[in-house]
Structure formats: C-alpha cells, structure tokens
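The structure appears below as structure tokens.
Chains: A, B, C and D, in written order; residue numbering restarts at 1 for each.
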Amino acid sequence: VAGGEPAIEGTDFGRILAFTDGVFAIAITLLVLGFDVPTKEADVTHEVLNQWPQLLAYFLSFAVIGRLWLVHHRFFAALHRFDAQLLRLNLAYLSVVVLVPYTTNLIGEHGGDPVAAITYAAVLAVAASLNWVIIHYTLRREHVRPAARAAVEQYGSWQGLIIPVVFVLSIPVAVFRPNIAEVLWILLGLQAVVRQRVK
Amino acid sequence: VAGGEPAIEGTDFGRILAFTDGVFAIAITLLVLGFDVPTKEADVTHEVLNQWPQLLAYFLSFAVIGRLWLVHHRFFAALHRFDAQLLRLNLAYLSVVVLVPYTTNLIGEHGGDPVAAITYAAVLAVAASLNWVIIHYTLRREHVRPAARAAVEQYGSWQGLIIPVVFVLSIPVAVFRPNIAEVLWILLGLQAVVRQRVK
Amino acid sequence: VAGGEPAIEGTDFGRILAFTDGVFAIAITLLVLGFDVPTKEADVTHEVLNQWPQLLAYFLSFAVIGRLWLVHHRFFAALHRFDAQLLRLNLAYLSVVVLVPYTTNLIGEHGGDPVAAITYAAVLAVAASLNWVIIHYTLRREHVRPAARAAVEQYGSWQGLIIPVVFVLSIPVAVFRPNIAEVLWILLGLQAVVRQRVK
Amino acid sequence: VAGGEPAIEGTDFGRILAFTDGVFAIAITLLVLGFDVPTKEADVTHEVLNQWPQLLAYFLSFAVIGRLWLVHHRFFAALHRFDAQLLRLNLAYLSVVVLVPYTTNLIGEHGGDPVAAITYAAVLAVAASLNWVIIHYTLRREHVRPAARAAVEQYGSWQGLIIPVVFVLSIPVAVFRPNIAEVLWILLGLQAVVRQRVK
C-alpha cells in the first residue's frame, strides 16, 4: 500500500459509508428471520410462548448490532481520509458482523448448548478486535481529523480492548455454563445501552 | 446523558435517517417471504388460493409499516437536533418494527388462533407507544424546530395515544374473537390510509 | 386531500426516493432466494440442471423489476412536487412490486400450472396499471415539471395502457397454455430491454 | 440507442449508484442465510463444526462480492456520463452478481461435487466478463472522464481479461477436481485482497 493515499472525496467516502450502513441495516433486519412460524395448527400458543429464548436473543443482538453501528458511525465521522487497507479492514469487519444473525439463531434455538454460546462469543470477540485494529490503524496512519484525535485515541488505547477481552473471557464460561455467559452479555448489553454517548 | 447535546450535523443525521429508512425498507420487503411456494405438484391451485389470509395479512402489514415509516419520516424532518437518548429510543422502536414481518406470518398462517392476533396487537401497541415516547421526549428536550412545534405537539399530546390504546384494547378482543380483531385492524388501516396527510 | 400541497423539499423527496429505491433493490435481490440448494448428496448435478426454469424465471423477473425501477426513476425525476395521495399510490404500487419474488418462485417451481402463470400475469398487470394511475394522477395535479410534461404525457395517455393490457390479455392464454404465456413475457422482456431509453 | 446520450445529472446518477450499492449490500449480507441452524437438539456441536466448508465459502464469497463492489465503485467514479445501454449492461451485471449467494450455498453444501464448483466458476466468469464489456463499452463511447482514461484503459485492455479467463480455465479443473478449483479461488482471493488498490 505504498504510494499516495487519496484524501476523502465526497462521493467516494459517501458510497463506502452508504454500503456499510446498508450491510448493517440488512443484518439487523435479518434477525427477524430467526423466528419460525409454527407449522402445526395444534399447539400454536405453546410454540409461540416457547420462543422467548429467540426473543431474548433477538433483542440482545439488535442491541449489539445497533451499538456496533453507532460506534462505526461515530468513528468514521472522525476520519478525514482513507486508504485501500482501511477498506479491506472495513470489509473484513463487516464479514464478521454479518455472521451475527446466524449466531443469534444458534443461541436462540440451542442456548443451553456450549457450542452456541462459544460461537456467539467468538464472533463478537473477533468483531470487537477488528474494530480495535481499525481504530489503531487509522490513528497510526493519521487518517483521523486532528480535532477528533483525542476522542478516538481513547478507543484505540488498551482501554478499547476491554470489550473484546470480555468476550474472549466469556468463552470459558460458555464452555461450562452457556446460560450464565448469555445472562452476562444481556447485562453487559443493558449497561452499554444505558451508558452510551453520541459523539 | 448529562453534558452537551450536539446539534444536528448534516452527514451525521443523514446517516441515521438512511439507516432507519433502510431498516423500514427491508422490513416491508421481507413481508413477501410470508408466502410459501407449494412444494407438491398436485394441488398448486388449491394451495395458492388458500393463501388469501396471507395476502390480507401482507397488505395490512404493508400499510402498517408504510404508515409507520411515513410518520417517522415526517416527524424526523421536524427535528433540528438529536442526542444519544433519541438514538437509543429510535433503535428500540426499530427493534419492534422489525418484528412485524414475523407477526404478519403468524396471523397469515394462524389467523384464527388468539395467540397470533394477540402477538400482532401487542407488537403494534408497543411500536405505537414507543413512537409516542419518542415524540414526547423530543418535545421535552426541545429538539423540535420551533416552527414545527405546534404540529408535533398534536401527536405528542394524549390524542397521540389513541392509536396505541386502540391496539391495547384490541388485545382482549383478540383473546376471544381473533378474526374480529383482524377485521378491525384492516378497517382501521383503510381509514388511516384514506385520511393520511403529508407534512 | 384538500388544502395546500407542499412543494418538494430536498431531503423529504430524497428520503421517499431512497426508500423506494431500497424496496426495489431488496425485491430484485430476494429473487435469488428462489433457488433451492439440493439437500440430498446423491443427484446434485441432476437437481441443479433441473433448475433451468427457476433460472429463466429469475432473469425474466430481474429484467421486469429492473425495468419497473428504471421507469419509476425516470418518471420521478420529472416531478417538481408531490402530495399525500402520491405517497399512498407509490406505497400501493410498491406493495405489488414486492410480490414479484413470490410469483417468480411460483412460475419457477410450477411453470406448467395455470395458477402460477395467472398469478404472475395478474401481479404485473396490477403493477403496470398502478403505474399508469400514478402518471395520470401527477399529470392531472400538475406535479410534473412543465419541461418534462410532453415526455410524461406519452406514458400517461392510452398508449401507456398497452403494457397492462398485454398482461391482462395474457391471463386467458395462461389459463390454457401457461408455458406459451411465459414464452410471450420473455419475448416481451427481451424486446423491452432492447428498446429501452434513458430520459 | 441512436440519439442524444444525456450527460450525468447529479440525482440521476446518484440514484443509479445507490440502487447498485443497495443490491451489492443485500447480496453480500444474504450470504449469511447459507448457514443452517441445526434442528436436532442432539449433536449441535457436531453439526456446527461440520459447517466449516460453509464458513470458507462464506468468506470466499464475501471477499469476491466485496471486491466486485470495490471495482464497480472505483470504475463508476471515473465516468462523467452514462446512457441507456450502460444501464442495461449494469443491470445484466447485477443479475449475475446476485446469483453469488446461491452458488456460494452450493459449494458450501456440495463442495466435493463438480456441478457446484462448475456453477460457481461459471457465474464468476460471466460476471467478470460483463465487467470487462462494461469498461470496454464506456471507453468506446467516451463516457470516461479524460483524466481517468489511462487508469480505466488498463482494465479495459486484454489484461483486464485475465480474471474472467482464470475462472473459465478453472472450469475444467472443477470438472475433475472440484476441491482443487476451490482452493485455487481462495488463494486467488487472498492474493487479490492483499494487492488491491483504491483509485
């Protein structure tokens, strides 16, 4: 990636953001496909009421993807240029975010199974790590607007590693007590929702 | 949410609206996934003709999501700033709207079952209530453009609670006579479509 | 709808077009869900090769939705204002367009069955008719830019009814010879693709 | 297509790009639907771990669609006008790109079957060829901004045919050794990701 890194041109950066927003919007909406309509006419009530784990998983992942999008949106507003490597990292990050509807269905259907909880934790740990890598990369290449640098550095420092580390640490919990890991994420989600700031 | 609430910056607010519009557009289009293609070669005609409840549910929900979007679109055009709490409320609202394709399939497949009608009514009651909360919140925090305040106050007053209240009241109807509740919504939908105003 | 019709404001009209474009883009992409991945390991080749009717239906409907979008895009560029009634008509039109992925799967899976061909023809006849109604309405309410009026009038005249009429006329053909109706549409599609103009 | 070709007008071209970006964003996100949630409660772990071919196919196709989008995005930024024929070619190109989620599921589920690998290679060969045709066409019609002409000519020359030719050549490999063809694409993808440039 030696050579001149282009500064942000209006349309160009706009299309990248629009594409990214589109992927986030679709991924968050596909979460609804996790609910199966009962096929038997007999015990519809029973089957619908039994979908509360799916509903919990749905709201958890809606909050997770929503928060990832908010963070992305806020962070990209702080950039004044981008390069090929950043586009690649952004695509890699999106490829992990798009897995969330699948892992959501997995814990919605098999929440008591360690493999479901481990997969969920692993995908979010990778997403959070890639997010940290992206922030770190743009700081190092000075793609961040000088005025926003201080705010972004907070996320790019070792403090920004807390979220990926929490998800990595929840993996051993998930191995032995998947439900406890899930309750942990929900509490974490609630706390994140309550504390979140704009800008 | 103490501290400075940022005024709306062009791109920022634009991305939030684009994301919201994207979610609405995807949710409304996913409604088509409620129609199953008959798998047996034998009685395709019979199975297709038997899908009229799905078709009714499809048009009902298309009108519902379409109207929710129109209201959202009109309301957000009246804002001149936003804050973190508004973003959170907007995401919470979207998480309920995105459930509509599922509840639509539910009443499309099991319209005679009270649980389907109750779920449908409950989701729309929560969506309409959250919409009222959002309007109320932005009025209280003075996020509404002064020129648009009078128009928005109408929705934020107790009159704006009529729609959520109607959906809540239709829940007991749904318990005993799900089909009557459904006919009621269709009539309500037709009336809303006929009376709706822009701006 | 008595009272002042608002002139187009930049963002407002932009959001309506973005929503409409989003619905078209999603509907056209959902066409791919019509292809089933063979579940048996044994005769994958046979099952994949047997999907040529789905492939034909896919390309036909891709061309159909693509063309409807092009026409919509060109027509809305000719407007200088809109009103509540136009928004309603646009939503009604979209609710029919979104049915196309379903009717496509229907003729892809059961192309030899009259009910599939009739459904396909009926949906497109209604879509084309609503398109004509929209054009007619905007001409009558003088929402069309004076400079573009002559071009739009062509579509809004009885000549613009040719396409819906062709689809209505193909319904009786579909009743007795569904495959002939389908070949007819493909030829019509090819011809439309070849003759289509921008602006 | 005789007659005056219109120069690019802001909104017009913007809507075409937004529609195209939307289709790419939806197609890339639909890739996640390739993962099936195990239905049996018994061997969830086993079934999830057995999905590694789907995961490989998912990341391969995410990189493929992501790269096609990047190329499209970069190329369309170099145009200063468009015409009806270009719109048609763009739609034809998109109709092939949208098939990728299906072919991805096919190699994810039946990677050892030649028909899956052949279908995957064929779809990408056609997409790459159409891309080359589009570039060639815009150069011939002088739709490319003079300043960007040199850069675009590189892709439009016979060198630009390397990628489609590679996919065509991988078809006979796929016939006899589908897995070798798949490993080849993954290596090609990795190399493309590593070398890719912006602008």
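Operating definition for what follows: a residue touches a chain if its C-beta (ideal position, glycine included) is under 8 Å from a C-beta of that chain, and two chains touch if they have at least 3 such contacts.
Predicted model only: the values in this text are computed from it and were never measured.
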Could you label the subunit A-subunit B interface same or different, taking same to mean over half of its residue numbers are used by both chains?
different
Angular offset of subunit C relative to subunit D [C-alpha, multiple of 5 degrees]:
90
Mind checking the centre-to-centre distance between subunit A and subunit D? Centres are C-alpha means, answer in whole Å.
25
If you average the Cα atoms of subunit A and of subunit C to get two centres, how far apart are those centres in Å?
36
Subunit D residues counted as touching two or more neighbouring chains
18, 22, 26, 30, 33
What topology does the chain touch graph have (line, ring, star, complete, other)?
ring
For the complex, which residues does subunit B have touching subunit C?
17-18, 21-22, 24-26, 28-33, 35, 37-39, 41, 44-45, 48-49, 58-59, 62-63, 66, 69-70, 73, 77, 193, 196-199
So in the complex, which bits of subunit A are touching subunit D?
1, 3, 6, 9, 11-12, 15-16, 18-19, 22-23, 26-27, 30, 33, 82-84, 87-88, 91, 94-95, 98-99, 101-102, 105-106, 109-110, 113-116, 119
